[in-house]
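Chain lettering (A, B, C and D) follows the sequence in which the chains are written, and residue indices restart at 1 in each chain.
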Amino acid sequence: MVYIVNMRAEIKGSVLRRLKRVAGQVGGIVRMVEADRYCIDVITQIAAVRAALRRIEDEVLGDHVAHCVEDAITSGDRDEQRRKVAELMEVLGRASR
Amino acid sequence: MVYIVNMRAEIKGSVLRRLKRVAGQVGGIVRMVEADRYCIDVITQIAAVRAALRRIEDEVLGDHVAHCVEDAITSGDRDEQRRKVAELMEVLGRASR
Amino acid sequence: MVYIVNMRAEIKGSVLRRLKRVAGQVGGIVRMVEADRYCIDVITQIAAVRAALRRIEDEVLGDHVAHCVEDAITSGDRDEQRRKVAELMEVLGRASR
Amino acid sequence: MVYIVNMRAEIKGSVLRRLKRVAGQVGGIVRMVEADRYCIDVITQIAAVRAALRRIEDEVLGDHVAHCVEDAITSGDRDEQRRKVAELMEVLGRASR
């Protein structure tokens, strides 16, 4: 039995678009540094990319709970449920969140 | 008078190298999502990139304080000093730090 | 049916001891401010109390997952399980964590 | 010469009032735990106290920058200015902010 259900198609499209935008932003920061732009402007852009990544994480996580965790609940498989809760605790408990 | 002093050459090289590594990691996450990899693994990778960006920010900021802020102090220009302190407060006070 | 299981006795004792220590520390900060102690020292003490509170939260949360969430899993009650997951997401997803 | 200027009277009054409210809230949490209240409610209250402490910190820090740091700038004493910047970096750079 497999309970791993991946991102739904609509979330996947949105996440890919946002990740590609982030890739473009990182390229822009590389050019800022190469062009000797002011440190504080560089820092501000890096912080904006971190915030964008955080929002992508939250989108993936919301989808995960709505689907993968929900499937574990519906399955009635207690060990799988325990694994899902342990995973959530680990992801959400990280200091950098 | 101009007090804006940019990143020193050695920091610039290190920051560029690390930013390019981040660009590669973001490309890797795009491929993970395209390949339908497990949500939690995607989240873990995004969190790792955020942590790497945070360390780059800290490197740029440390250099900024060591040089741009130090120059403002040496200059004796009080308005410039006030601007630097206000900038630092804004950058460091951000909720996402 | 009741799935709410409260803190175990040993955790309760530890949490109470730590909360009372926090209460003492807050009293100490009040005295520091009254005695016009240096701002940065006051800030450092407040940050220490916040960190202590965060550790107490983590202790209560760890016990909650080990017991209340575990009971929801063992119960097989899916609605209760959904409630527990939603609660965990809310608690852990808070920006201030 | 002494550049340490402490909290202004109006800030001091506000900070003391808020700290005393926090002390009351901590006492309330002790009673919640003694009364075996639900873990998630206890966690929510602790998080509220942490947020209140964070706001007090920000109030003290804002006053510090407006006064102590400003005095260091006005003094023209470069070593004092360097010390203030180093202090700010340390306080603001803490991971728990």
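What we mean here is this: contacts are C-beta pairs under 8 Å (C-beta built on N, C-alpha and C of every residue); 3 or more make two chains touch, one makes a residue touch a chain.
On a predicted model such as this, the values are computed, not experimentally measured, just so you know.
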item: Set of chains adjacent to chain A and to chain C; value: none
item: Chain D and chain B - chains in contact with each; value: none
item: Same or different contact residues where chain D meets its copy chain C, judged by the half mark; value: same
item: Per Cα centroids, the chain farthest from chain A; value: D
item: Interchain centroid distance [CA atoms averaged], chain C/chain D, Å; value: 20
item: Gap in Å, rounded to a whole number, between the CA centres of chain D and chain A; value: 32
item: Where chain A touches two or more other chains at once, by residue number; value: 97
item: Overall pattern in which the protein chains touch one another (line/ring/star/complete/other); value: ring
item: Chains that touch, pairwise; value: A-B, A-C, B-D, C-D
item: Parts of chain B lying in touch with chain D, wherever the complex brings them together; value: 58, 65, 69-70, 73-74, 76, 78, 81-82, 85, 88-89, 92-93, 97
item: Interfacial residue positions of chain B with respect to chain A in the complex; value: 4, 6-7, 12, 15-16, 19-20, 22-23, 26-27, 29-30, 33-34, 36-40, 42-44, 46-47, 49-51, 53-54, 56-57, 60-61, 63-64, 68, 87, 91, 94, 96-97
